[in-house]
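Two complexes, one shared chain (chain A), two partners (chain B, chain C).
For the complex of A and B:
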């Protein structure tokens, strides 16, 4: 049973190439916890902005009549991967884990697998 | 052309009296001071209370925001009886939250997330601009127990972010607290602004009596996402805040004192002339 802080620490330590991670509430855009990041990469700003990405995707799926749930969203930049994993919580909270990876060092399949494991340990 | 004396200073708006909705810092100087002295106690403000321990915010309550119990009970995460028992058994050492986690009734992650959600929600209202000064009582007595304290700076930053976000969606703060009415948009909403499932649930409860916080409580949702949904619905022309019952007479304090300074009267005449062009 992990709290949010240890879950984020584990994400950064156990996922190869991870440079930052955040747990974000996408109904409000608030980062409930962040780890990593840098002066030039503000995870709080990234958290709030990616909330709009998720809202747009959920809305589009609703318009298309798709009933499936989003598992994760992958955004590839020239030098980074951004992985967004939506969490299915019992408390009615819409949350996502946000992971920033260095594209040169990361293994995407492994990162997805690890993120899923961390989600399970979080028990939200 | 002569060298004139420097013009009189133009009147500037008093920033302390009129808080800038998107401005930064200084939400509550009293809170900043309490944080600096690592105070423990309860800060009572007009729209809510903040509980401090060692200068950090451990709990917040507001009549406008559903509390932790509302959130935990609404979705069946916890049974009402279990919550009542935990609150009865709680003491200063073992808060109710900790008892529930130890008994295995609530996952630690779920408690933390619900607690943070309720804290920031109530904090948003507690730190809203108020007309009365806040009062601080030293001493503890908060039986929930510190789940995850947040610093005053974190709470202030998040509160300002929320104010700015709501202002960007629809710049009418009345929508936060006034009863809401359904309205018919002038044009059919384009798909990009059509309400989504969450917003449709909010819209279904708009009845001319309920306020946004009432709707949040009825749905077992947190206050802030509901405020954001209401403002998005207002921007789409589907909802409007009911104006206060009677338009009050303008308060006497607003009338400007007669101005006799020739420079200022000249500026005023110049302004009027420019506006008349």
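For the complex of A and C:
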């Protein structure tokens, strides 16, 4: 079991190509923890913006009558991948992990697998 | 005192950017309405209550060594009331539904507060003076005159007092 800080550190350290990560509460849009990022890449802005992404997707699924849960969301930019993974269980409801990857260095399949593992061991 | 159409435009822009906002009000720190877009809520009353809440909030941040007051967030059963510092003379109060994205509310509220502060300070001060921060002497005078004065009024000893106590 890892706490927020260790989980974020592990994400940044062990996932190849990771440049930033955040744990975000999408009921409020605020980040519980952030790591990495830069002056030009504010993870708190990303937290608020991606909260809207998740809320829109959840609403769309309700409209479509889909009963399934979102596991993760992948956003592909020309030079980055953004991975969003929703937390399940253990009081993690309403939270998501957000991971920024450098597309040149990252292995997407491996990153997704590792993020899943980090999410499973995360205790909030 | 400030350019009201410009303030109103800022409030309208804010409400367009955050659809869960139900009202926005720019008020002076002593409780006068500068511009408002608050359907269903009486702006004069809200401005007066904001000033009263600010008075307590500023004293609290000051007494606990948290520095200048930047924002004040209230949450009721049905939504939020957020007040952001807007320069030396004004504040921005936003009303939002409970389902608002608070992260976004803060981002937009802080930005709009800074812009409104520039507009109001520019109108209130001599044109040559930079808009962001008036001289400390003015603030001391304001504090003495009005206990419920603005978000930057209590900052005359800013930095020095808390810092020396923690270091020694």
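Simple rule for what comes next: the second predicted complex is superposed on the first by the 120 of 124 C-alpha atoms of A that agree within 3 Å, B and C clash if a C-alpha of one lies under 4 Å from a C-alpha of the other, contacts with A are read in each partner's own complex, and residues count from 1 in each chain.
Quick note on the criterion: a contact is a pair of C-beta atoms (placed from the backbone, for glycine too) under 8 Å apart; a residue touches a chain by one contact, two chains touch by 3 or more.
Predicted, not measured: the structure shown is a model, and the values here were computed from it.
When both complexes are superposed on chain A, chain B and chain C clash. In the superposed model, A:95 makes contact with chain B only, not with chain C. Legend: residue contacts after superposition of the two complexes on their common chain; A:105 is shown touching neither chain B nor chain C.
Of the two partner chains, chain C is the only one that A:52 touches; chain B does not reach it. Of the two partner chains placed around the shared chain by superposition, chain B is the only one that A:63 touches, whereas chain C remains out of contact. Partner contacting the larger number of chain A residues, of chain B and chain C: B. Looking at the shared chain after the overlay, A:32 reaches chain B, while chain C stays out of its contact range.
Of the two partner chains placed by superposition, only chain B is touched by A:4; chain C is not.
In the superposition on chain A, contact of A:116 is made with neither chain B nor chain C. Note on the chain A alignment: of 95-103, 185-193 or 221-229, the part of chain B that runs into chain C is 221-229. Once both structures are placed on chain A, chain A residues 28-30, 48, 55 are touched by chain B and, in the other complex, by chain C.
Partner chain C is touched in their complex by these residues of chain A: 24, 28-31, 44-45, 47-49, 51-52, 55. Across the interface of their complex, chain A is touched by residues 71-72, 74-77, 107-110, 112-114, 116-117, 120, 148, 158, 161-162, 165, 191-192, 196-198, 220-222, 224-225, 228 of chain B. Residues 101-107 of chain C are the ones that touch chain A when the two sit in their complex. Here chain A touches chain B in the complex through residues 1-4, 7, 25, 27-30, 32, 48, 55, 58-59, 62-63, 89-93, 95, 122-124, going by the rule given at the top.
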